[in-house]
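A, B, C and D label the chains in the order they appear, each numbered from 1.
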Amino acid sequence: MSLFTNILASLYVPLLGAVLIFFCRRFPHIIEIIFVASAAVLLFITFSIFKFGSAIYHQTFELYPLIADIPLAFHVEPLGLVYAAVASSLWLVTTIYAIGYMNANQEKKLARFYMCFCIAMMGVMGIAFAANLLTLFIFYEILTISTYPLVAHKENTEAKNGARTYLGLLLTTSIGFFLVSILWTWQVSHSLDFTIGGILAGKLSDGLMLVLFTLMIVGIGKAGLMPFHRWLPAAMVAPTPVSALLHAVAVVKAGVFCVLKITIYIFGIDLLQSTSANVAIVYLAALTMLLASLVALQQDNLKARLAYSTISQLAYIVLGAALATSASIIGASMHLATHAVGKITLFFCAGAIYTVTKKTSIKDMRGIGYQMPFTMFAYTIAAISIIGLPPMVGSWSKWFLIDGALSSGQIVLAVAFLISTLLNIMYLMPIAINAFINRPASTEPQYQEAPKSLLIPLSMTALLCLLLFFLMPYFYEFLQRIP
Amino acid sequence: MILMHTPALQVIIPLIAAPLCCLLPKSRLAWLFTTLVSFSTFAISVLLVWQVHAVGVIDYEMGNWPAPLGIKYHIDSLSAFILILISAIASITLLGARSIIEQEILHSKHALFYTAFLLCLTGLLGIVATNDAFNVFVFLEISSLSTYALIAMGRNRKALMAAYEYLIMGTIGATFILIGIGLLYMQTGTLNMFDLHDRMPIIGGFNSVHAGFAFFTVGIFLKLALFPLHQWLPNAYTFAPSAVSVFLAATSTKVALYLLYRVFYTIFGFEFSFSTLHLGAVLLPLSIVAIILSSLIAIFQSDIKRLLAYSSLAQIGYMTLGVSLQTQSGLIASMINLFNHAFIKGALFMCLACIAYSIKTTRFNHMAGIAKTQPWVAAAFVVGGIALIGLPPTAGFISKWYIVLAVLETSWWLAIVVVLTSLLAVIYVWRVVEQMYLREPLDNIQYGTPVPMMLIICTWTMILLSVYFGIDNRFPVRMATMAAEMLIP
Amino acid sequence: MKKNPILRETSHLLIPAILLFALYVQFHGDYGPGGGFQAGVIFASAIILYALLHGVKRAEQVVSLNLAKTCAACGLLLYAGVGVFGILWGGNYLDFNVLAHDPIHGQHWGILLIELGVGLTVASVVLAIFYAFTKFKK
Amino acid sequence: MMSLITDLYAYWISVLLMMVGLYIVIDHNNLFKKLIGLNIFQTSVFILFISMGKVDQGTAPILKEGFETFSNPLPHVLILTAIVVSIATTAVGLALVVSINKYYKTINESEIQAIEREEA
């Protein structure tokens, strides 16, 4: 298979999965098989791209002109490959988890659910391999629209309101800011291609460059920067697998991936540093990072707390991207992967707890470690990884991020990272500690450990948190190819 | 032989078919005949597009009388573009509409309905094909008169009032256009558009030409339903029979827009209209007000047909906004939006036709939970709604891209206005989507008659077309670019 | 009607004259003032006069609504048919030059036929409108 | 000043008629009278057209020996068409008014609006 067929296949496989699921919508078992199978095939396809080596990076495949001279085009570069690999491997894990969760909770409209899941995955793959901003934008919006039915899945008033916030904010930012800034970019540079070193050098004055960069990054609502972060907690009304994959991995990571890609390939690191167009975003991201952590402290609903934690962690990546030093970029790219693995584990655990006990409130989870030891053990591992302590994988990315902040001479930001880490400990660890230290109240019914279809995926991702720590040198070497 | 006569055949086939149709005894036969005729006009318009691509411009002299004396039909890239749009929409609408027409219209009037439909089609095609100013007026009235009749056939008695209001406004508009033609004729002694244009430098200074320009402006704005002359449109679209709403929403204002291009670019000329007489300064504020106001009003409608009618008004605002920018890119944007919006709005009204067929109403409250009983229709509405909002990968996105890009060339604050108002579309579309999907069906609503397959297939054809032109837009963009380069040299 | 002998007798005198005049206007439209529009209206007015004096029912025995409708369609078809004839005989649409052996006669024939079509349509449409309003049930 | 009125009297008449017609269309509550207004309005345009076809000392455009100057026949022809259009419009309008009367039992516009408001 040539590289081009590989890329196209990564788009077609989820789409084909969706179509097949649609036609088999009356047979619940068959759609589950199709669902898992398409995830497995996609994983194989994504990893087979690695075998082409580094020679094919930035080799662009144009399909046909979409608008004027701007083609629908795809390419492969290290960052996109990382994102695609993370998303597709975690997708496979999530498919298994989702089937278990949906069956255990007797959710309805499964065919629609799985279909939208597949289409969302196509959106993710398109974003990962997009070779210009227009292609990226198209798949970005496909992702937005296809996840709406997932968020509104429960179809009650709460789900409706949550989904409304979700769609409203994402569309407002993407049409109101992102699209405008893309058009502006097109107007000043007559190119939207992702190019090493950026395409905007010398095209705008410093002041306007600041406006454009701010507009574009804020416009990527999926990155969850304040004040456009409300959609993320709102989307927590969705079933947990959706929260896990889409709101800890695919959607939010699509957001920060776009931020990284635009910083590196549209503006260019050098340009950002020389014009200091990044200054507004840097401080906005730092602010988001701290504020979101503070808000997370006050949340009693476990999923809501994780959601705010995600907002805070996303701000790490945006900050890393906006700092525009090579260390911070590597740190941000790394964090994209490490946070994904960690956060998906946490969500899986939250979902497992809900499935078994129907509990969502942190107060009620006292002593739950005695009843669900595996789940809570996995939770603890993932929490440590998110906090960034060795020997978990999260420590690496945080290391590089702080290194990046220091190397750009911003001591304040390095301190902000540290404060945020402390806050991480404060909002993640008490849950684990309470679960194991306190005994459950005697009035509580005796719960069993979560079903296997939930337990296996979450143990796998927890294991990954640990394993990847040791594989990091290879990963680092790979990421260094990002210019 | 056919190739030589395509410009004439385009118009006379439906014209001859109309009286034949009214002689046909059976409703089904009349439908079949009308559909066949509209498909043949479509085939001819395809031929015309092909010819225009091959040779550029086609002239056809009626009765072999040479141009300034006789009536000349003139097909260039702009006319071919609009012709293919009208005939395509008419064909798809008619193909799917038989069942809904049988349900909504008295059986004894079917033959007359189809006759009126064909006459309306003739009128619209004629306006676009002819190059004679007075001929335009005649065709305008043919299409308008048959439209009044078609609207009046609506089931609700309000349809009568809607048709009456439209008749008064439409007649005033057409008469204004007639006065404009008269004043120009007075100064030039010719009715041929190119002849008129050629003499414009000589007569451009006369007061009567300026007065004629003003009459044309008001008349066309009336036909176009541009704010503040839009009052007739919402009622007309709302109370017309569903099939008629589809056809009108997709074509009638588009043809008025075509007339605007023709009159102000071809007859008066770009220089005269926009530099000497500042048409842009009139169009720009009106378009912006139309966009903002109509979008806001659309949000609060309790009937979805009405909601879409107001949304049409906003879209017309976008199209005239493109014109008011006075640039080639603005004109291209306007034309692309014209083309795309015709399919999108046609598709959405087609969805409402399905719903009206099923539950006999299009009121917002009764939409609750309709996705459960009519999943295909509801899904079609969602896709059409996404296109209306202008999200990729639909045709609406392409329109929006070109409009914002064209506006950005002129001023950035206007671009922000355009983008923000397009977000209003999210609100009114998603209100309906939520109602369809996330509400329990009302108890007192019957589950409704199942929608015939043909209607759904045609609805989806339009929907898929509006998605297709979002993915592959080479045809409309090329045609619009050719036309704009012709109109603004 | 029996009460108004004057009206009745006058109409007996007038209606043939009106019809005759209509035909005159119709067939002198080629070189003189006249033509299908005017002739059609005059022709219809004769029948409307008849209907006013003798009742719509009697008038419908002369020209029924269906006949009027058919004639309206046929008139239009005649008009269009002559035009199509032009195409079939190698000219453009509505090209009368090809109708006869030389252009002048061709034009002559063409205009007469066309005006006949127009006259037929106008007369029947005016009549149909009249019938439609008189038959309207409240 | 006077010549402006006397020379162009045909235009003044048509403008006057036009305004009268438009006023009736806008102001009148009675749907039927509105149609009459519309007719007056259209007629004014016909007069405008026909008056512009008049040539000084011109006769009717009939070829006959001894007459050299003719009025322009084209506006007449155009207006003949426009008159037919106007008849058709009036017919459709009247048909609508009759139907409105049947379904609303009134042809007074404000009464109809009141009925519609009650329904809504």
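Following the convention adopted for this analysis, a contact is a pair of C-beta atoms (placed from the backbone, for glycine too) under 8 Å apart; a residue touches a chain by one contact, two chains touch by 3 or more.
Since we're looking at a predicted model, the values are computed, not measured.
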{"item": "Number of hops, subunit B to subunit D, where each hop joins two touching chains", "value": "1"}
{"item": "Result of counting contacting C-beta pairs for A-B and C-D, higher pair", "value": "A-B"}
{"item": "Length of the line joining the C-alpha centres of subunit A and subunit C, rounded to whole Å", "value": "79"}
{"item": "Gap in Å, rounded to a whole number, between the CA centres of subunit D and subunit C", "value": "24"}
{"item": "Rounded Å distance between subunit A and subunit B, as computed from the means of their C-alpha atoms", "value": "44"}
{"item": "Separation of subunit A from subunit D, taking each centre as the mean of its C-alpha atoms, in whole Å", "value": "69"}
{"item": "Interface hub residues of subunit D, defined as touching at least two other chains", "value": "95"}
{"item": "Contact pairs between chains, per stated definition", "value": "A-B, B-C, B-D, C-D"}
{"item": "Residues of subunit B that touch subunit D when the two form their complex", "value": "134, 137-138, 141, 145, 148-149, 152, 157-158, 160-161, 163-164, 167-168, 171-172, 175, 178-179, 182, 185-186"}
{"item": "Complex contacts: residues of subunit D adjacent to subunit B", "value": "22, 25, 31, 34, 38, 41-42, 45, 48-49, 52, 75, 78, 81-82, 85, 88-89, 92-93, 95-97, 99-100, 103-104, 112, 116"}
{"item": "Footprint of subunit A on subunit B - complex, ascending", "value": "386, 389-393, 397-398, 400-402, 404-405, 408-409, 412, 415-416, 419-420, 422-423, 426, 430, 434, 437-438, 471-474, 477"}
{"item": "Contact set on subunit B toward subunit C in their complex", "value": "1, 5, 8-9, 12, 15-16, 18-20, 22-23, 60-64"}
{"item": "Touching residues (chain side subunit D, partner subunit C) in the complex", "value": "60, 62, 80, 83-84, 87, 91, 94-95, 98, 102"}
